[in-house]
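Take a look at the structure below.
Lettered A, B, C and D in written order, each chain numbered from 1.
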Amino acid sequence: MNAPTVAQIPPGIVNLEDHARHAHTVLDANAWAYFSGGAGDEITLRANRSAWDTRQLYPRVLQPLAGGHTRITLLGRALAHPILLAPVAFQRMAHPDGELASAYAAAALGAGMVLSTNSSIAIEKIAATALNESARGPFWFQLYLQDNRAHTLALVQRAELAGCDALVLTVDGPTDGARDRQRRAGFRLPSGVSAVHLADFRPMPAEPLHPGQSALFDGLLAHAPTWDDVAWLQTQTRLPVLLKGILHPADARQAAALGLAGIIVSNHGGRTLDTAPATAAVLPRIKDAVGDLPVLVDGGIRRGTDVLKAVALGASAVLIGRPYVYGLANAGAVGVAHVLRLLRDELEIAMALCGCQTLDQASPALLFEG
Amino acid sequence: MNAPTVAQIPPGIVNLEDHARHAHTVLDANAWAYFSGGAGDEITLRANRSAWDTRQLYPRVLQPLAGGHTRITLLGRALAHPILLAPVAFQRMAHPDGELASAYAAAALGAGMVLSTNSSIAIEKIAATALNESARGPFWFQLYLQDNRAHTLALVQRAELAGCDALVLTVDGPTDGARDRQRRAGFRLPSGVSAVHLADFRPMPAEPLHPGQSALFDGLLAHAPTWDDVAWLQTQTRLPVLLKGILHPADARQAAALGLAGIIVSNHGGRTLDTAPATAAVLPRIKDAVGDLPVLVDGGIRRGTDVLKAVALGASAVLIGRPYVYGLANAGAVGVAHVLRLLRDELEIAMALCGCQTLDQASPALLFEG
Amino acid sequence: MNAPTVAQIPPGIVNLEDHARHAHTVLDANAWAYFSGGAGDEITLRANRSAWDTRQLYPRVLQPLAGGHTRITLLGRALAHPILLAPVAFQRMAHPDGELASAYAAAALGAGMVLSTNSSIAIEKIAATALNESARGPFWFQLYLQDNRAHTLALVQRAELAGCDALVLTVDGPTDGARDRQRRAGFRLPSGVSAVHLADFRPMPAEPLHPGQSALFDGLLAHAPTWDDVAWLQTQTRLPVLLKGILHPADARQAAALGLAGIIVSNHGGRTLDTAPATAAVLPRIKDAVGDLPVLVDGGIRRGTDVLKAVALGASAVLIGRPYVYGLANAGAVGVAHVLRLLRDELEIAMALCGCQTLDQASPALLFEG
Amino acid sequence: MNAPTVAQIPPGIVNLEDHARHAHTVLDANAWAYFSGGAGDEITLRANRSAWDTRQLYPRVLQPLAGGHTRITLLGRALAHPILLAPVAFQRMAHPDGELASAYAAAALGAGMVLSTNSSIAIEKIAATALNESARGPFWFQLYLQDNRAHTLALVQRAELAGCDALVLTVDGPTDGARDRQRRAGFRLPSGVSAVHLADFRPMPAEPLHPGQSALFDGLLAHAPTWDDVAWLQTQTRLPVLLKGILHPADARQAAALGLAGIIVSNHGGRTLDTAPATAAVLPRIKDAVGDLPVLVDGGIRRGTDVLKAVALGASAVLIGRPYVYGLANAGAVGVAHVLRLLRDELEIAMALCGCQTLDQASPALLFEG
């Protein structure tokens, strides 16, 4: 690969919210609406944040800390820390280097990366970068089931051939949420940015609707994925499959019963169903429901303390989305790396101040119940 | 009828609150104060909204969705969706086409309409429009009991002759609330707008008050309706009668005991008793109290998620008031239709993201208790 | 007496908060700081208001309302309504007519009045007005126990001779609160305004403090009143004595045990101990503690709904302070009368909308527990 | 010693927040960021304040108050009141007189003082002032354990020789918190201000890190103090040792088991772990855990009511930090004395209004549970 552009972190950026504020000045209104917006009144978007903020950590003192570390094991792989990059579409809207820069930074910082189906750069180019580093984290491919199973299989095969370690099947998007901010901004993909993996797929011709039929239920949702499609997918790939977008314990139990490799608790960053609960609020119930099955979580993670709380509440690892895209907008790969560095440093500080030598020691007892 | 004026939806309006914001720029201060204002400090007005916002929906994934729909049955009639237009007085203050435009849009979108006693256009003109469409929703007449029973009967007979499907007896207004915003604005009906149904009624001469008597209790309320009047009304009409303005379970049980056709849980859009509870908060208690009796609800419904929550909490259908008047102000019949369209589309999205194929599947389990 | 100045209510004033806003433009900074300010950070001042706002009334419909009324009986006297004017010092700072105007308005509107020890007009002048009207409410004298019992007795005798119906002994002020707003404004009594009842009293010479002694505990509080002083006062007057400033049930029980005539639940309008609880919060506990003993309440009453809530929670009557002083500032006696009129009208509306014909029907069941 | 500069209190300052607001105009941005800032998003910084604000005091009336006082006994020493100056580093950034002025004011007002390891003036100079006054409070030295035990012993010996009454070992800072405000401001110690006690210590050479090792866990924390170091310290000094920075009851019990002299409940003024609980929230649990062991508390104390609440919840005494530094910035020693005076006066008022003659009478029953 070509090394991505090297840029400087703008002065005054010392945390992830600083990156967001600066990105707001860098991105155009179209891209800002797309990346920052949520569904409806953005109640869930805000709830994701405030749910971490309002959970309180119970500090401990004078515990042995020397030689502590942030290492975890995830799907059998040792990772330097529990932070992954969530799948985010169309990253070339944020920076010309797009997903390539994100992958470069992830590999350098030992962070896992989940590449979106709607990547604006082809998986083969990215894999070369993502898999290049010996201390890299996992490289997973995020999959939307396509209406046409042949298309789905084509995507799965590209992911397998490119060397992906797992598939992340997103299941919370049978339809887009009401992304009002984006719609009000009249969002359009800029020229030169597209979902390159889908370029060759022809949409199936829609059956005409009868009077009284719903464009959604009788049209778009006519082929919405179900649990049967998940079972089918499992038969079509040798890769472990994780489900992303689970919030209800009953769905988590179903995933466990089907033998999936893991669950990502997510409300799609507040972009689908507004007034869905914050991920921090449902995480412990999901963990209770599935026992040893690995549970990851995203949504509103902005601080090392958030990461530690997530692990204490049962998460094996966390994913960040918008923050690294803002880092990407601000300084390309260097910006993404900076975001990962800041978050990991904060995590270590939080562990030290809570008397945790390792993340194994993080349990619900770490949280103060006021 | 003459088709109402055709107008364009102003750009940038993608939800009901956008309609409200735009209407604020379209309506004069007098009309805005009348339509938007509530009682007292508008605590209940705001509580109606926040009660829906703070209830959380529990998403489900991978459920079968194909062929789902929003259809319901209400008072024996199949409806395309559970959204009705609440009775709102004096709609010609919002737009020259007034109630006629609202009825036109309701019929076109399959929404029920409840025409106010204080309509600014005569019921006979509106009925022609409201009943015209084969896929129309119910057309109901909202009734205030008049001091003079002959007047009440005259209204009932006009409603019956015009073809109304039911009567909606509003019982929460023995006196107006303290509508401070409206009073501070010095509200007056503009010339050319009046309650045309009441034009021929002469008020009964008030008995002079003795010293120490209250203008309210000894004057205005001397003939305030009681349960006996409800029972009398039932003997005077062949139409089903629903009571609107019930918040207390004891009153709901009394309505059920009298054999009424349904209940509309309402605090009059926060326009009567300030600090009355939000309708979302009392709805489940009312439903518990009356079992199978149809319960509808209004108050603060602005989102498809609100509609789904209402149905999950026991409502057979919902009514919207201010939002469609704002649509009317913004673009006449087209504006009202746009409001109905937006709300129904959002409802479908919310159902899909909660794994509900039909509204029958919506139960209190759909709500996340945090 | 000379009838007080006749003034007009400024336009746009339709409730008590409107009076407050307008008074802010009428009063000078010195007087505004004195009347509007509270202790410390004014947490209790705001809590008094929000405690009424957040309590919710449960509306009832179709109850018999004709011939209802707001009448109560208090200390054996029939009153037209349960609203009294609380003792407020130095009312000539608000308007040249001072306490005389307030008394005039109270008598005209059938409201009780409690005259402050620190009145800026002599009780004898005011009594002539206050007792003049046949439909007047009670006329009570608020008493601070003086360091010198002879002074206390002199005040009691003036009150008795002037025809007062009762004494209200304020017990929550052994020392002033930390009235920061007032102190920051450098408050001083304007020339021509003084506590006329205390003009002839010479303060007792303070004993010099030893090093390490506290100016408060060893000085000002050396003669702070105790329960013994209350018992002594009861032996010195034929008038019923109420205690004002009780918030703790134990103190209320003690008052009942001593045979006092009533209790006024009060935190001095948030002017003494900041972060003391709101009066609405303690009222039910006080009522529980004392059974049939009359309990009155002040603090944050601004709405007819607040009055109804207070009665529902056990109050026999309520007192307002700042609101009528603002009415006084805005329009003299007419302003005070307007405030009383607005509040009583709102009370009647609230009763009607809650299905209460009389205040006897108001019980805790009137409050919705969310 | 030389008497510190005499200055005037700026007009309009009547409480501790006024001092803060004024100091913001006096301090340069660098010093303001250092003294006022907290960790992360400053959630704990704000929570410390709001936790005191939201606890409510239950006033009592007519209790005997004459001869009351604020005296306490702490570690066997009689004190005029329970207010101490917390250790704050680098006070010469706030005022040229620095820690000397603070010590002068503390001694004059009978307040205890805890001198920081990171004092910008040498302990020997300060001790002369701090120990000069017969009615002085305790003079304690705050200690950070140094990587090199010889350095720690050197500090202990200076403290003992200077006449300190106790050592306060701060245990909540194995690493600095993420002080984002300070970092964003690019904080640097101004020339001429330094930690004079540490001037002669050479840092131990850091061992080089292997790849994959953490600069924090494998570097800075390699010598982080543990309970063993506390036990060692106890064998090295004849002074009583208190632990500062305890929030968890398990740590408090451990401190009690080791025979420490007391505990200071503290979250370092919100400067270490953001989203740690407010000190007011954990104080009762700590007190429950350790029984008779003296417990002190800091964090957000700004009002006499806060002091009384702290004592009611089990604190033997309280410490203030930022407020006295602001007083120092505003008016040197006079400003510190003013802060202490204001707080003690407010404490006496609060006691009087709660019917407390002495602090012994303050118990959890003093708090209203709403």
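Here is the rule we go by: contacts are C-beta pairs under 8 Å (C-beta built on N, C-alpha and C of every residue); 3 or more make two chains touch, one makes a residue touch a chain.
Everything numeric here is computed off the predicted structure, so don't read it as measured data.
Residues touching across the chain C and chain D pair largely diverge in numbering: under half of the numbers involved belong to both copies.
The two copies, chain A and chain B, are related by a rotation of 90°, based on C-alpha atoms and rounded to the nearest 5.
Note: centroid distance chain C to chain D, computed from Cα atoms, is 43 Å. Averaging Cα coordinates per chain places chain B and chain D 60 Å apart.
Contact between chains, as defined at the top, is found for A-B, A-D, B-C, C-D. Of all the residues in chain D, the ones that touch chain C in their complex are 12, 14-15, 17-18, 53, 55-70, 80, 135, 303-305, 309, 345-346, 348-350, 352-354, 357, 368, 370. On the chain A side of its complex with chain B, the touching residues are 40-41, 43, 171-172, 174-178, 180, 183-184, 212, 214, 216-218, 221-227, 229-230, 243, 245-248, 250-251, 254, 267, 272-277, 281-282.
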